[in-house]
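These are the structures in question, set out in turn.
One chain, subunit A, appears in both complexes that follow, with subunit B as partner in the first and subunit C in the second.
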Partner chain A sequence: MLRSSVEPGVVLPGASRRSLWPWRIEPRPDPERIGLYRISAVLLGLAVSLAVAPLFTSTPPAEFYSAIWLGTFGSTLGMSNVLTIAMPLILAGLAASIPYRLGLWNVGIDGQMLMGAWTATAVAFAMPQAPGFLMIPCMMLAGMIGGALWIIIPTFARIVLGVSEVITTFLLNFVAVAWVAYWCTGPWYPKSSAGGVRAEPLPAQGELGKLDIQGVVVSWGILIAIALPFVFWAAFRFTRWGYEITMIGDNHRAGRYAGMNVRRLLVTSMLLGGLLAGFGGTIYMMGTSGQLSTGLTNNTGFNGLVIAVLAGSNELAVLALALIYSLLLAGGGSLGIVGVDSDLVFAIIGITLIFGSFGEAYARLRLVRTKSSRVPPESTTKEAPWTINSSH
Partner chain B sequence: MTVMTDRAGLALELSGIVKKFGDLTAVSGFEICFEPGQVHALLGENGAGKSTLMNVAAGFLTPDLGEIAIGGRAVHFGSPRDAIEAGVGMVHQHFRLVEQFTVAQNLALGAKDVGTLTSTKALNERAAEIGATYGLGVDPSKVVGSLSVGEKQRVEILRTLSRGAQVLILDEPTAVLTPDESDQLCLNLRAMASAGATVVFISHKLNEVLAVADRVSVMRGGLLVASRDRSECDLDSLARLMFEDVTQADERRSERSAVSLGTEIMTIQDLRARDERGASALKGVTLEVHDHEIVGLVGVAGNGQQELEQIVAGIRQADSGTVVINGDEVHGVQAALRAGLGYIPEDRRGTGLVTAQSIWLNSILRIYKQGTISRGVLIQTKKAKKFALELAKKVNLSTADVATLVQHLSGGNAQKLLAGRELEGERKAVVAVNPTQGLDVKAARAVRDRLIQARDEGLAVLLISADLDEVFAISDRIAVIYEGQIAGNFAVGDADRDEIGRLMGGGSANGLS
Partner chain C sequence: MDYQFLALTIATAIGISTAILLAATGELLVEKVGVYNIALEGVMLVGALTGFITGQTTGSWVLGLVAGGVAGCVFALVFGFITVLLRTDMIVVGVALILVALGTTQTIGSSYVAVEAVAKIPNADIPGLSSLPFIGTALFQQTWVTYIAAVLPFLVAFLLFRTRHGLNMRAIGENPNAADTAGIAVVGWRLFYVGVGGVFAGVGGAYITLGIVDSWAGNVTAGQGWIAFAIVFFAGWQPLWILIGAYFFGALSVLGDVGQVMGWGIPSEAFTVLPYVGTVAVMMLRAWSQKRRGAVSWPAALGLPFYRS
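And now, the complex of A and B:
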């Protein structure tokens, strides 16, 4: 849900009603089908952008679509790819979505993912001989803590001093990249470099195992990633904490009126955002890349933010949108095979998201024809409930 | 060049004008006529509908129903421009002048007799001529930004008149003026009326209305309650017309059904607190509310009411002093709730209710931690919905679908929900702040009746209200707060409106130390 400070459709006094634009935008009286409009808009955007995209390439449309098909549903490799991309993206979406429910913007998810992965790596390197059943939970825990720690300063700067968390979380991304770059090029410099700024690979027992579902191979971290949106969806509906966050939204006064500890809720939602981001970075590293690198997140955090805003405080929508997003990224990646610059996929994603955000507005607002400003002729003074009483 | 048009002597007649804003009817249909050659004062409290009515007459608002006639000819205004072409102009409290331009340039804006290329000299001459015609002197070459408020107003009036307005409407024109400037304005308005103009003077100040008007109309709750010649008016009669409730409701409806007045339910003892800026807001407030009693606390806004209500409700901390509710000293929202305090805050849509959420989520807003609704960390949604459904039935809500979002409820229904939530159940006391603000007459009555019912059931009711009539109509006792102290405390039978007004303004009471 995008929040706007100006109520749409307000006609200011003095505005002439005889304008050339006989339409007015007003809130929908029945926004029950909001989710339906939203999803339809995203799918429509997807269809339009996919239909138009081949026109901008020299590749025959048939080859274009078959490449996308093979990169997604059309092959086990494609499906593996989609799920591998989706795993951190779902967590990034949640990491943005939960603070966003309270009107807070977590723009530092990439940094939190990196710092989570860094902390996990540090733990793994500190206990290189430990068995996997010990190392894996320790790394996951460390990843969550690392991500949460990375958002502590913005959180308290915001809540105590009123410093915008948009600026602080955003800028800490660069600090995190520099920090990881230092460790990858210094203390953790790999014995055999394979290009890029990468650290020494994790100990083998610290990597997550793979699931193999009829040829679709993906780290079992995907199970956690798919389960978490359901967990939060239920938490927001059935727990006191969820009720408090739901009711406060960005109306903190109602929370104080009801005796809620609003500050504590703001802090927990931000820290939870950092924690989920750190966890996402960690399981991606443990399940897919196998080593820390500055390019680990590949803008997953920002993509997650876009998903959270479009999903509008609905964790299941975060899941659905993250999966659609992953399909596009995976399909776009395979376009390279047929000689199309895979960056074209970002144009497709962009168009889809623009449709999605208009769908969001369309779900809330409607266009109605303005009535004539003429006074209806049947109005008479007979209806007046009170007339002059000059004698009184 | 003629500035004066030949349309002198236009009467403005308004018949059956109805104007609604959402579910609030601001003007509800009556006939009123403004005669030429008169200063006609439109008197009423804030929110009586005066400005709305005249904004309709001047084309700023389109009426839902009703007719406007100028000089006996029916007109329809789509914009203020239509109105000024028909001879009706309005001067608002906020001027529509270009501060960077000179007086002459401002007067030339939108004027039909000024060409695209006109020399500054010609503009100044034109402006001087306009000023002379209407007897309002302003230096044409002065930049408007450098003028005093009174002078700016004069330019605004001149601009309206020079565009052909024969009916001049002024919306609370003295609100922004110094006393000297006000006197000067009144003289000018009298002169204009003598010259044949129709002057409509909107005000809520009785004295200046009596000083300037030839005829006085009193509005109240969107209706016209009286229209009389100046000679038939005096201060007392106008005050009575202005403040008395339109529908005879208000011979007091507050005769107590049970008279067991004895137990103090709410005891506020020597409360001291500071506001957000650290200034002392409460300087030792002591106030008791008994069972079966409504205490009305009145005062000009900003005299400590907000701090007091918030401390009692547990949202704000006092520096010293105590609040005891039903025998328990309370600190914090949960303690106040446990002691049986309901709280109806002023800003129902911003504080009391979360409008983007459903009725059922809102109906448990203050009790979601209690055992009836939650078990451990879980909210029992079935019980919550059942509770909401019962509440909706009890307060007679317009809808029984508790999944409806609160933003789709009318103001009256939203307040029913809020008041019901705060009054139903094991309540001992309630703080209600401006509970009928913004409601239409019927909804306001329902809320007052609900408070009276609560009182009759034995609750201690602290009514903090800016609406003196409301306080007089339903309170058993009236206390006045001024600069963080209780300036007076009367049984309602002994309370005198004038005296209360004096105390609210910081004067001393007769017969009270």
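And now, the complex of A and C:
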């Protein structure tokens, strides 16, 4: 809202019509194969950043790469790690991907995971004598509810008041961390404290059993995590709900004309995002440390968001990218053995993502010469159809 | 609680708010032209490390702050180049750059961990005012950076609402197509202010390592960039509310510690949480009241890529 509008015809200071740079970036009229460009650029970025990374360390490249290899495919422990990391990451990817289909950003996945895990822990502590076959489903259900509840306020603020869900979902992460920290240091303070902000361990029957596939040990939560992307992939193709979401994601107005309840679909996709995140936090807790802690998610939510955007509304791509991402995180984690700060892997991931952005920009934009153009440039008054709706 | 203790508490709250205040003021300028730099946390980290290393090598905190500002500017311009010029998604690029900043600063800065800063920013008592009872201790025994940071929102308010330049900035943030028609180089202005915001955040980051914690550690900013980002929303894009918001956030984080020392029996997490809950609540209240009046407080083109139509 402007207090005084700019009058037409007034030459404003600082304005220069004649640009020194005789080129102009404009959208391609018919962008094609955006996903292909993006994925190729991501793979290229991965190769480049992995090749350059040893230069930033004092470790010989051979040791550097062998550490990454041993931390991933090179050992059963490495593979166990990869799958364990993948478990919450796949769910976080889905938790971001489903709202993203409607142009909604779920930036609060870390908080929803923590709140899911907190609710599940509360349920487990409320029924400490219950047998495992009763406790585990109750905890999972509680985790889903906790995660979904944590996204209700941002959903309400977005749908009813029009407040950007980007900032509200994000800020609630901090609240969730503080909430969990309070319970871990206060009411659930462990009797034998062993460093870090961790709660009293869960009752033993509340932990998920382990699968052992030729030495690769991982909790059976991974089976659910791998199955869910297929379930949603099918749901978006073969159910009415999925069809409506896909259709509205392409064009809100068309869906409304077709008689769809857009608001209801926005709400369900947001709540589903929170639910999946809460479930992810819960099974990760139940399948690994078996105790609630503030460090439980370790930015899994952000990584999931990134995966969802790169995957571009395709649940199977979410699964594939989450697995690749887990390989990177597990490989990076093993760098500590050769004396490299394991946070270097964040830089590798970040640079890979930036390459992905370049690839996408290349697919969507072109450079046009502005001088001496005999043919007038094509009109692009229509709003670009791929403009992500990040309005508030 | 005696008066001396209260005065010192206020002084600490103002002191530790400085970095957040600087970064938030810069971010306001960026958002007024329609861009949100989500990578603020990363920009501050880069500024923090560069400022610290420069301070250690040259022994001068002034050069440290300058270097932090320059590094922040360069890093923010990377963000600006990718999002403003190439029209890619600000959230993805922001998250990516935060990861890059986190990874590279940890790796490069590993030899500087747990080293005490040689060039600490000294306190500069304002003659006369600093010897006033209570107020002197609370307000006028700060560093120069803190005084300047406290004045900046007023200058920004003047720039935005009292000058032609500021009118152009707001035009770009509200309606870039109209601004473009009026002859304003939208992309150039946006890039320029992303760079300016980077300078502010970079100096803020350097202030953390040279003026607040006096050392470098991995992820030393510890979410201050995110808080600065939130304050801009909390302030409803009003410069003077940025000042209030930053001091409010600073005061709450100090109150958590004070509460533990004094044994108030309130968990310190309650104070940690208040700013975030407060921001969400303020945004919702503001949206609710504006919905009835049919106006919004954020720049209408915030976060939308600009294509000439």
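Assume the second predicted complex is superposed on the first by the 321 of 392 C-alpha atoms of A that agree within 3 Å, B and C clash if a C-alpha of one lies under 4 Å from a C-alpha of the other, contacts with A are read in each partner's own complex, and residues count from 1 in each chain.
In the analysis below, a residue touches a chain if its C-beta (ideal position, glycine included) is under 8 Å from a C-beta of that chain, and two chains touch if they have at least 3 such contacts.
None of these values were measured; they are calculated from a predicted model.
When the shared chain is aligned, subunit B comes close enough to touch A:254, but subunit C does not. In the superposed pair of complexes, A:131 makes contact with neither subunit B nor subunit C.
Within the superposed three-chain model, A:238 lies in touch with subunit B and out of touch with subunit C [touch as defined at top].
Counting residues of subunit A touched by each partner, subunit B versus subunit C, the larger count belongs to C.
Legend: residue contacts after superposition of the two complexes on their common chain; A:167 is shown touching subunit C, with no touch to subunit B. With the contact threshold set out at the top, residues 13-14, 16-17, 380-381, 384, 387-388, 390, 392 of subunit A are in contact with subunit B in one structure and with subunit C in the other. Interface of subunit B with subunit A (complex): residues 15-16, 18, 28-32, 55, 60-63, 65-67, 76, 78-81, 223-228, 246, 313-315, 332-334, 337, 343, 345, 347, 350-354, 356-357, 361-362, 364-366, 368-369, 374, 377-379, 381, 405, 408. Across the complex, subunit C meets subunit A through its residues 82, 85-93, 95-104, 106-108, 110, 161, 164-165, 167-168, 170-171, 174-175, 178-179, 181-185, 189, 218, 223, 226, 229-230, 233, 267, 269-270, 272-273, 276-277, 279-280, 283-284, 287-288, 291, 295-296, 298, 300, 302-305, 307-309. Against subunit C, the residues of subunit A that register as touching in their complex are 1-6, 8, 10-17, 19, 24-27, 56-57, 105, 107, 153-154, 157, 161-164, 166-168, 170-172, 174-175, 178-179, 181-182, 186, 302, 305-306, 309, 340-341, 343-351, 353-354, 356-358, 360-361, 364-365, 380-381, 384, 387-388, 390-392. The touching residues of subunit A, when paired with subunit B in their complex, are 13-14, 16-18, 29, 31, 237-243, 246-249, 251, 253-254, 256-259, 373-376, 379-390, 392.
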